[in-house]
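Here's the structure we're looking at; comments come further down.
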Amino acid sequence: MHRRLVTLSAGTALLATCLGSPFAAAEDVIKIGIPVGLSGANSVVAPSVVQSAELAVDEINAKGGILGKKVVLEVADDGSGAAGAQKAFDSLIFQKKVDVLITMETSAARNAGLPIVTRGKTPFIYTSFYEGRSCNRYMYVNAWVPDQQVAPIVDYFMKKDKAKTFFLIGSDYAFGRGMLEFTAKYIKSKGGTVLGEEYLPMDGSDWTAIIGNLKAAKPDALITSTAGGAPNVTLTKQLRAAGVNIPYGNLAVDEGTAKSMGTDAEGIFISASYFTNIDSPKNKQFLAAMQKKFGADLKTPNDLSVPEYEAVYAYKMAVEKVGTTAADKVIPALAGVAVDGPRGVIKMNKQRHAPLTMYLAQVQKDGSVKVLETFKNVDPGNQCPNLK
Amino acid sequence: MAQVFDVITTAAILYAVAAGLLIVFGVMKIINFAHGGFLTVGGYSALLVTELGLNPWWSAGFAFAIGFVCGMIIERLVVRPLYARPLDAILATWGLGIILGQLITLGFGREVQFVRSPLSGAIDLLGASYSQYRLILVLAAVAVALALGLLLNATRLGLQTRAVIMNESLARGLGINSGLVRFLTFSLGSALASLAGALITPLSSVDPNMGVPWLVNAFMLVLVSGVSQLSLGVACLVLGGAQVLVSTYANPVLGGLTIVVLAAVLLRLRPQGFARE
Amino acid sequence: MNSVPAPGVSALASDTLRRRSDLRRLLILAIAALMLITIGPVLLPTYLVNNLIRAFLYASVALTVDVLWGYTGILTFGQSAFFGIGAYAAGLIFTHAGFSPAHAALALAAGIAVSALAAVLVGWLAFYHGASPLYASVVTLVLPIVVAQILYSGGNFTGSSSGLSGFDSFDVSLEAWFRIAGAYLVLLTAAAWLFVRSDAGRVLVAIRENEPRCEYLGLNVSRIKILLLTACAVIAAIAGYAFASVQMVVAPEYAGFVFGTELVIWVALGGRGTLIGPVIGTLLIDVSTAYLSGNLPFVWKLIVGLAFVVVIVALPQGLAPLVMRMFRRGPKLHADKMALQPASEEPLAGLASAGRHAIALAGVRKHFGSLQVLEGIDFQADHGELLSLVGPNGAGKTTLMRCIGDGAERSAGTIQVNDADIERKPPYECVALGVGRKFQNANTFETLTVAESLRIARTRLRKPSMWTRAASLELPDAALRVIQATGLDQKATVQVRHLPHGQKQALELAMVLALEPSVLLLDEPTAGLTKAERTLIGQILVELTSQHRLCILLVEHDLDFVREISSRVIVLHQGRIVLDGTVAEVVESELVRTIYAGGAGMGAAQR
C-alpha cells in the first residue's frame, strides 16, 4: 500500500517535470512546422526539403520576417509513415504550437496527420506531388496530381515507342495505388493494355518476384510509382541488375534521387514540374542562393523540395495580406496569392490545387536531365469539388 | 528457368544470413536476437567502404572483421551471464540489437543510404537473363558453407566445438575449454552475420533497421534445422522456395510470411524440424 | 507480524480483518486514481492529455503482458497483434461501412470475436502438451508478423502501408476520451490485482514455477493458458478499438512485432510480476519518449535500450522493486493464514467394487531410439497393496512410474488404472483416473507458501475463486495427517523454498494426497530424510494402504524401508521384471543377490 503511494507520487513527480518543459513563453515568432520523413522511405529526399525551407526562411528573415516577426522552423521526423506522422503532427501542433505546417510527406503520413490538423485547426500546405483527391478544410496543395503528370509519359511511349502493352509496379499504399489506378485508366482510354499491376509495401525492398513477373509478361513499357526515395532506388537497381531495359517511366522519382542512382538511372523518363535546368531568371537566382548557402552540402533541388520553398513564400504573402496568422483568415487568403518562384507563377486557386507547367524529361548517362517536351498551365482537374 | 534461379539465389541468401545464427544456437543454445543488429553492422561496413572510395569487393572481408570484433566485445559483456536463461537471452540480445541500431544511427544518420554494387547487370545463363550479383551470392553462400564445414569437421577447434554442441558438461569434463569455444563461436557467428549484411546490401539499401526483417526469418530457419548445416541448407531451399513461389504467384507480401508460418506449423507437427533424429 | 497461533477462530478473525483492509486499500487507491483522472484534462496541457490517452491504452495492454509473462511465465510478443485486430476492426468498419451506434457496436463485437478466435488458434498451436517455452514464445512472435503482413497485403481494403484514416468516429471530446481510457486502465488494474492475488491467480504462479507439477496435480495447463490468453487478447483488442476511435488512424505498425517487443520492454523495465510496475513504467516511458525524442531522438532510445539490457541481465525484477525497496518498511507479508479443515473424501467410492485391479500393465515397452528401457512389463496391483519397485540404477524404475503417470510415455502395451485404459492420456487426465505421482526430488512450488501449495493441489476438486482467497481449506484425512505429523500446519504462511528438505518432501506428499488419488506413485520418498522422518512416512504409507485402501507403488533404494512396509516387491533388472513376490521371497532370492552383487553397496540382500 505504502509502496503504491510512493510509486504513484514518483510517477506524478516525473510527469510534472515533463509538464515544465513545453511551457514556452509565448515568443514573438512565427513557427513553421515541418513533419517530414527524416527516417524511412522518404529519408533520401527529406534533407533537400528542409534545405529549401531553410533558404526561404533565411531570405524572409533577412527582409524583416513576416509582419515584423522572425520566422522559425520546427522539424519533426514522421518516419515516412502513419504511426510516425501521428507523433510528429501531435508534437508540432500541440507541443510546439506551430502556426502552420508546410511540408512534403508520403500519403500515408499525410492521411494520418490530417485528423490532427483538423483537431488543431492549423493551416497545412502540402508540397508533395501525390495521387490526388485528398481534401481537408485546412489544406492546400502546390504540387502536381496525376491529372497533370501521367499523360505526358503514356502519350510519349505510345507515340514514340509504339507501346501498346504496359506493366505497372508500385508501392502498396494510397499514393502507389492511386497513381497507378489513374494510369491504368488513362492507358485503357488511349487503347493500350495493362499486362500486370504489382505492389510491394512501402518499406519493402525485395522486388525479385515482381521483376520475375515483369520479365515473363514481356510488356512494351514499364511505369512505376513507388514512394519517393528509397524504394525508387532499390527497384531501379534490381531492374537494371536483372537486365530490364524497356522504356521505363517513373512517376515518382525526383531529380535528386535519380542522380544518386548513378548509371542505373540512365534512360528513365520523368514527368515533373521542376528540373534544375529550367531556363528562367527566378530559377537561376534560386539555385545560386542555394549554392551559396549550402555549398558542398547542397542536396539537388528537385520536384519534391522546390514546392516547399514556394509554399513558405505563399504563406508569407497570405499572412501579410490579411495581417494575422489566425487560421480562419489565412486559409481563404492562400487561394488568392500568386508566388513567382523557380517553377514560375503559381496560384493554388483550383479547388485548393494549382495549375502547373509540366515537363517531360529523360535522365542522361551523366545523371543530368534532358527536357523533351513542355506543357504550359496544365489544369489539376476536379480534386476537391466540395471545398470552396 | 529464371524462377529456378530465383529459388536458388533466395535460398543462398537465406543461408548466408542464417549460418551465423545456427552456430550460435548450436553451441550456446541461445537465440541471438542481436543477429539483426550485426547484419546492420555489416551493411554499414559496406557503406564505409563505399564512402572511403575503396573497391566494393573489400566490403565482405571488412564486414567480417568488424563483426568479429563486435561479437567479441558483446560476448564478454552481455551474453556470458545469460547462458542459463534462454528466454532472457532472447530479450537481452534484442535490447542489444536496439543499442547497435542506435549507435549506428548516431554515427551514420538515420536516413536510407546506398552502397555501390561490385557487380552489376545481367548475364545470360542457361537461356535466362539473370542478375550477375545474385548468382555470385550463390557462390558466396556455398563458400561460407564449405568454410564452416571445414572449420567444424577438419580442425581441432571444430572438433571441440562439436563436442560442446553435443554435451557441454561432458566436454568440459574432458578438458575442453568450453568458455573459449563459446567466445569464439559467438564472435564467428557475429562475423558471419556482418558478412551476410555486407553481401545483401548492394541489392537494396542500408538503414538502421535493415536487419530486423531478416532476423525473424533466420530465426525460424534455425529452429527448423536443429544444429545441422545440412538441414539448414535443406530448410533454406524448401522454405525459401516456398517463399519465391508464393511471392510470384500470389502476393509478395504473403510471400514474406511463408517462411515464418510454414516453420511454425512444421515445428508443431515435428518438433525437431528438418533435423534427422 | 503475529506469532503463529493455533488454527482456530482467532486466526480466522484476523484473516478476515486483514483481507477486508486490503480490499479497502484497493478501493481507496482506485477512487483516488479515478479522481485524478477526472480532473486531469482540466489541469494538464493538451499535448500531455493526448499522449496520456495513448499511454493509458498501451498500459492496459502492458498489464496483459505482465499477467501472461510476469505471473504465468509465458513470454509473449504477440499482444500487439490483438491490439491491432481491435484497432482495425474499428478502422475497417468505420471506413467501409460508415459510423453509427450500430456500426460501433458491430466493430467492437468483431474486434473481440476475431481476437478471441486468434487467441484460441495461437493457444492451440503454442500451448500443446509438451511444448517448450521457447516454441510458445516463437509462436507469439510469429502472430504479430502474420497479422501485420495480412494487413499489408490488403491493398485498398486495409489501406496497406498507409493504413486507414479520416474515418468518422465517436463524437467525444479529448477530455472525455482521457477519462474513458484512464478509467479503463484503473478498473483493469484493480481487477487484475484482485485476480492475481486470488486463489485462481496463484494457479498461474504455480504454472510458471513448475508446470509439470501442475499437470500431475490434474490441472489442464494447456486449457488454462488458452483461456488466459483469450481473456488477455480481448482486453488488448478493446484497448485497440478505443485507440482507433480516438486517433482516427490505424496503421499496420500498431499490430506489428516491434510494438509487441516494446510492450515487453516496458514490462521488464517496470518490473515483471508486479502489475503496478508495468503500468507506471509504460506511462513514464511512453510520455517521456514523446517529450524527449523530439530533442534527443537517438540518445533517448539508446538509454532505454541500455536500461533494458541492464535490467534483463542484472535486475530481472525490473526497476520498480529497487525503488520500492528504498521505501519498504518491514519484511514482506506473505499470504494470509488459511484454516485447514478435514474434507469429506471418498477416493474409492465405487471404485473398489467396480474394478478388479488398481493398476494393470500388459506388454508395456519403452524404447528411446534403439535403446530398450522397458520390455515385456506385465503385472497387476490391487487396492490395499503396498508394492515396492526395486532394482539397480538404470533398471527402468522411474521410467515405469512415468509410463503409469503419463499415457503418452510408453512405446507399446496397455496400462489400466481402476480398469480404465489410460491410452495416450496426458498426465492431467491420468490424475482424473485416480493416479497421484510424487517425484523423486521435492517437486514443489518454490515461491508459494505451504497453504497456497495445498490449495493448488485441491484445485482439481475445488474450483478456485477468481477474485478472493478462500479463508479455509479442506484436506482429506491422509493429507491432514501428513501435515500435522510433520509440523507443516505451523508453517502455513512460510514460503516453500524456506522449508528444510524433509518438510518439502512431506509437503509434496501431502499435495499428492490432497488429490484424493486411489493409486499413489512414489519415487524414492525417503531420499534425504532422517531416520525419524523415514519411520513416520513409513507409518503413514502403511496406514494409507490399510485404512484408506490406496494402492501404493513405491520406488525405493533403501531396502530396509522396503522390507518394513511393503506387502509385495517387484524387482526390475535391465528393463524386465525378474521377480515379483512377497518381501520374504525376494529377500531370500539368489537372483536378487547376484543382481545386486554386480553393483556396490547393497542392503538387505547381504543381510
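For clarity, chains are labelled A, B and C in written order, and residue numbers in each chain start from 1.
Simple rule for what comes next: a residue touches a chain if its C-beta (ideal position, glycine included) is under 8 Å from a C-beta of that chain, and two chains touch if they have at least 3 such contacts.
Predicted model only: the values in this text are computed from it and were never measured.
Identify the chain whose mean C-alpha position lies nearest to the mean of all protein C-alpha atoms shown.
B
So, comparing C-alpha centroids, which chain is the farthest one from chain C?
A
Between chain A and chain C, what distance separates the C-alpha centroids? Give it in angstrom.
It comes to 53 Å between the two C-alpha centres.
What is the distance, in whole Å, between the centres of chain B and chain C, each centre taken as the mean of its C-alpha atoms?
36
Please list all residues of chain B that touch 2 or more other chains.
If we look for residues of chain B contacting two or more partner chains, we find 110, 253, 256.
Note the residues in chain C that touch 2 or more other chains, in rising order.
Chain C, residues with two or more chain partners: 152-153, 297.
If you look at chain A, which of its residues touch at least two other chains?
77, 172, 199, 201
Within their complex, state which residues of chain B touch chain C.
Touch residues, chain B against chain C: 31, 78, 81-82, 86-88, 90-92, 94-96, 98-99, 102-103, 105-106, 110, 212, 216, 219-220, 223, 251, 253-254, 256-257, 260-261, 264-265, 267-268, 271, 277.
Please name which positions on chain C make contact with chain A in the complex.
Going by the criterion above, the answer is residues 25, 29, 33, 44-48, 50-51, 152-153, 155-156, 159-163, 165-166, 174, 247-251, 253-254, 276-277, 280, 283-284, 287-288, 290-291, 293-294, 297, 320, 323-324, 327-329.
Could you list, by residue number, the parts of chain B that touch chain A in their complex?
Residues 2-3, 6, 9-10, 110-112, 114, 116-117, 120-122, 129-134, 202-205, 207-208, 244, 247-248, 252-253, 255-256.
Help me check something: in the complex, which residues belonging to chain C touch chain B?
Residue list for chain C touching chain B: 75, 125, 128, 132-135, 137-139, 141-142, 145-146, 149-150, 152-153, 257-258, 261, 264-265, 268, 297-299, 301-302, 304-306, 308-309, 312-314, 316, 369.
Please output the residues of chain A touching chain C within their complex, sorted ascending.
Result: residues 1-8, 10-11, 14-15, 18-19, 21-23, 76-77, 81-83, 86-87, 90-91, 94-95, 106-108, 111-112, 114-115, 119, 171-175, 177, 199, 201-203, 227 of chain A touch chain C.
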